[in-house]
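Each structure below appears as structure tokens.
Same chain, two partners: subunit A is paired with subunit B first, then with subunit C.
Right, the complex of A and B next:
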């Protein structure tokens, strides 16, 4: 990877830091109210209020606050959550694995499913099966992800009762080993499906579209003329080329999936970062919010970076070793 | 080996190919030429079973009808028996796999070897097409256009096919690469005794790679015959048009286009809207491919018609034979340059055609019919322009009157229509059609303008034959260039046959399809312009060529009278010819055929 490209990552990282710092300060209400409850406004004397503001350095100029914020962050200090009464990083790291599990598996699942149905649908363009898939996903696209979540919840957890209603694992069950993993998987099913279903339409449409354009490419005709099997033409030649845009957009989709996870986690009370930030938002727990935003941003940037690296592997046209053959 | 019977391909309601009948024997090579969009690629793809439209008719390959074959059987034939070299367009090769992979792929897919053997064989093929070994593992984007084309050729040979379809294999390549690729294909196809079907609009590739040629226009074959014959003497107007558009070192005439653009017709000759000799019947039924002297032509008029034929035409003034039994044919839409020194009888010939002189002997035929008397309808079809426009246009006529006069004489249309015709024709010869200009008199015009007025006057009746007697020799060079271009454009648009009289061989070369060299009433040499220029056979023509203007500042060798012998009944050039023999003085040499030439010389 070349230096300028790494530079863009650094720049976007710095912009994100500044935004994270500013955003909570632009929200209505003030942290003191959040910490001590609404009655504070009545009971707290202006002197006490000022004292507290001073102690939390909330009266210092903005640039000074930012500077302090940056230095602390460099020491791995993301602040202290008043609500959870614990260091921010500790709180976040407790929630993070669940989100990683949910977001990661949903990303993989939605990508794989979209690619496959996109290839098949594009190949059968205009036929009944294509139209069926297109219509289904368009309808699906009309529902917000939390709505899909609620429907799934009602259907499978409430009426059928075959899957757990909430949480990431059964509390105090004392399960271990394979049983514990199965329990986690059972809890994951509904949020995962809800989140994945919400992701599929846009990636499927992109995949189907690129498949249709790729099928018009001369090399597809070459492959057919060579007398190759249909599967080889569809997947090896057309499919692999049509996959490229989906891979490129994965980085962007990470952000979208994380946002989607926020709602899904709330509905399923899934103890991930989404639920955490929701609670933090209600409590105006700035340090937690900032920490969550920071971690999510870092992941999105990282994901983009990984995709960039990966892309050179799947598309030989992008990459550094071109110079070798240059004329 | 392969036979197409009544092949028809439709995309929806549009017939892209129809009535295609072709047979190709093992080891033969056939090129299909035509403009893009004419159905060449569709034809290739229909043979390999990949055309997306509906296919009717039969494609017999070794007796099996490919059209009716199941997909599975077709797959077994593809690449094993029939392979295709695609045009190296943007992505004929898959951008994600190395070229070695792609060449070996069909070997593995058709189970002709395992992966290892296939890779070895693919490597051999790539070496055979001269791809450097270092490039075997390159991806297509890392190769140059020529290298990609080589890979495509190697790929087509992977499964040792019998029939190879070459689809525009040279189009995107630069000149030297093109020659290399053509050579490569030539060697490879000869070595392996492949049957070739070449689809191209490149006549160069077609001339080197094929024995037979079929010209495809708007989904129909319009001309079919041996490649050299088609190239040197195209008989269908479309073939001629294509050749006129193709810049090559063999043609000397300026490039001309084909008017209009391609459209598909179910009824009528597909070429009729662009054809300059089309009749009412051309619009109705589609012409069938019929044989005319060793050639198949689909044309209601039997190919390009002879517009003017002079047969044994003679004119003598007392004892002087001004024109001595000349024999010339001018085809529709072509220019015949009659070249020779002053006093050779050129103008007399023109006057004979126009009926100013009465021929002593012989006959003149216009569109196949002998001319007896010349009435108004004759002058509607034949018009003349003269050397000195100032004298040719009556100085008492304004521009409007001069141009309108032929219409007045022919009593065509009413006054208003005549006026609009005059304006239109003035614009066509690139003159202003303003009131002020039309009221001008010849002496108020420049030389160039005056000649345009006289051209406008000649063309106002829409003649088929234009006799131009030194129409540009009185003009300065820049005006001459403009007038010549105008005449060529008018020829392209209207298909005018031009009988162009000039003493300037350099000019004749740029404007004519055929040149006839005239000397003292005789045609001494006649043939296609490029042949006459490249390979003159008569000493007189050679001398004329030496005397033709060049810009290389060498003092030309002027032919001298080499003999003091009395001029007799012999060759008209005998006493100036340095090779003259005794026989040249006594016996008149006959015009004899040499290839596409006719020469009257004992030495030829």
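Right, the complex of A and C next:
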């Protein structure tokens, strides 16, 4: 089995580290506010300034600053938000579960839906139903995720008023057990649908194209000739093999879904890291922004790495030296 | 095998529709000064006016005519599309083609860098950088291009590698063609379809990212940007203004992205031989 190129992921990680380190320090203006956020000015005293200058070693040469920054990160110190008056990590961890819930469920839902309609559409290639699905998704593809979110928000929450407008649960409702879970689910519906609708077109197109090429493979003809039922040929033989590209692009899709979640959370005021970073953007709360960026980027890099590891297991052809299969 | 890509694009229904929509947006962008009835930046006392004969799409919170702003926003969007498209394609071509042609350690280093960059979610990097830089249109085009060239470069590299091995190139070499001649006469002309595809994809991404950033509020306030208009309009969702402020702006943005997506899809179909044959059967 081939081991994925760990070096590549290490380089990605280093680029992220370097970016977060260099950005605030190379910008024109005061690096201290660029690192700590504008809110620090409110309580700035000469003593605090001296202490912060010392903590980030801002008067030392750049390489020394980088060393100090790395040491802090390795101790889990991602800085302090003067806006929330709390360590960055604490603030982020409070928001992270909501984002994970939204991103995770959307990733699963969009993958399953894309696979199914992709298989059906590819199987019915050229028929009316295929054309309909293709055209619909192509049109959907033109809508940016935040506009899909806005339309759903206006239609279902503002105009029809049948689903909650914002938040992840009803505040101070005192609900518990099953009721609280239903409440959370009700709040999740619109953001989840918005985010999922935005993901479906690209996955569906990929699935449909692979399905079409897979259907031309000899093994599909063999399966048909054996007299297998149509459903078995479509799903167990052709569909299963056509799923490979969808699986292997999961890592990239995680990055896209996370980015999409950022926008969707803002629209529905969903209290995840997207909303958190949006508020940080408005407040110039740079520590939070850097922290969210770091955690999201590392999460996406890890997801890519895991997918890379897994797909040699799913598709044995990738693990072996390709030359054997080349002819 | 020679395929007339322009012909393929016109034959494909999505391609046709996409081109028509893009021409429409282009027309609006070019003639906005004549079509607009008010100065898009001019505030007035008539705020939150519903649509009327004077103001086709009403006015916004500081009394600017929304219809005029909508027309004017097309220019900004297309400028970003063109800028990001050209600049990203240029970067992808120079980096991808040089990696394929030079080869060796240079190629290995660049490929490793591309692999590493592809894993990083580019949009989030752009948001972080833009939060510090606060870009105007030109710096934004530069920023988007410099952070999103990697996918295109990989495509260009792969295509150049396969072109390098073509019979015609071998033939030219046996006739004593030098490197420069081969690059200018054989590699670059044959790269053009893939470059056009890279251009369209980059332009689409550019429009989307510009709108997204502006929607987050990261934009030059003096420019008339659809994303920025949506950013402002969403704050007043509880009023009725979204019907003529938020929705038309979002639709204008979607139509532009849709046009580019359609063209991109048609190109992709034209370039994938397996799909091309079959889509022709389908869509005629």
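Methods note: the second predicted complex is superposed on the first by the 269 of 327 C-alpha atoms of A that agree within 3 Å, B and C clash if a C-alpha of one lies under 4 Å from a C-alpha of the other, contacts with A are read in each partner's own complex, and residues count from 1 in each chain.
Just so it is clear, contacts are C-beta pairs under 8 Å (C-beta built on N, C-alpha and C of every residue); 3 or more make two chains touch, one makes a residue touch a chain.
Keep in mind it's a predicted model, so treat the numbers as computed, not measured.
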Subunit C versus subunit B on the shared subunit A, clash or fit after superposition: fit
Touching partner for A:86 - first (subunit B), second (subunit C), both, neither: neither
Touching partner for A:112 - first (subunit B), second (subunit C), both, neither: neither
Partner chain in contact with A:16 - subunit B first, subunit C second, else both or neither: second
Which partner reaches more residues of subunit A (counting touched residues only), subunit B or subunit C: C
Partner chain(s) touched by A:262 [first = subunit B, second = subunit C, both, neither]: second
Touched partner set for A:226, first subunit B, second subunit C, both or neither: first
Contacts of A:185 with subunit B and subunit C, given as first, second, both or neither: neither
Which of subunit B and subunit C A:293 touches, first, second, both or neither: second
Touched partner set for A:162, first subunit B, second subunit C, both or neither: neither
For subunit A as apex, the angle formed with subunit B and subunit C - C-alpha centres, to the nearest 10 degrees: 70
Subunit C versus subunit B - closest C-alpha approach in the superposed model, Å: 10
In the complex with subunit A, residue positions of subunit C that touch it: 14, 112-113, 115-121, 123-125, 127-129, 131-133, 208, 211-212, 215-218, 230, 234, 237-238, 242, 246-247, 250, 253-255, 257-259, 261-262, 265, 272, 274-275, 278, 281-282
Interfacial residue positions of subunit B with respect to subunit A in the complex: 45, 48, 50, 74-80, 83-84, 86, 89-96, 105-106, 109-110, 135, 138-139, 141-144, 155
Contacting residues of subunit A [partner subunit B, same complex]: 217-219, 221-229, 232, 237, 240-241, 314-317, 322, 325-327
Residues of subunit A defined as touching subunit C within the complex: 5, 7-9, 11-12, 15-16, 19-20, 23-24, 27, 34, 125-126, 131, 138-139, 141-144, 146-147, 150-151, 153-154, 158, 205, 209, 212-213, 216, 251-252, 255-256, 258-259, 262-263, 266-267, 277-278, 281-282, 286, 289-290, 293, 296-297, 300-301, 304
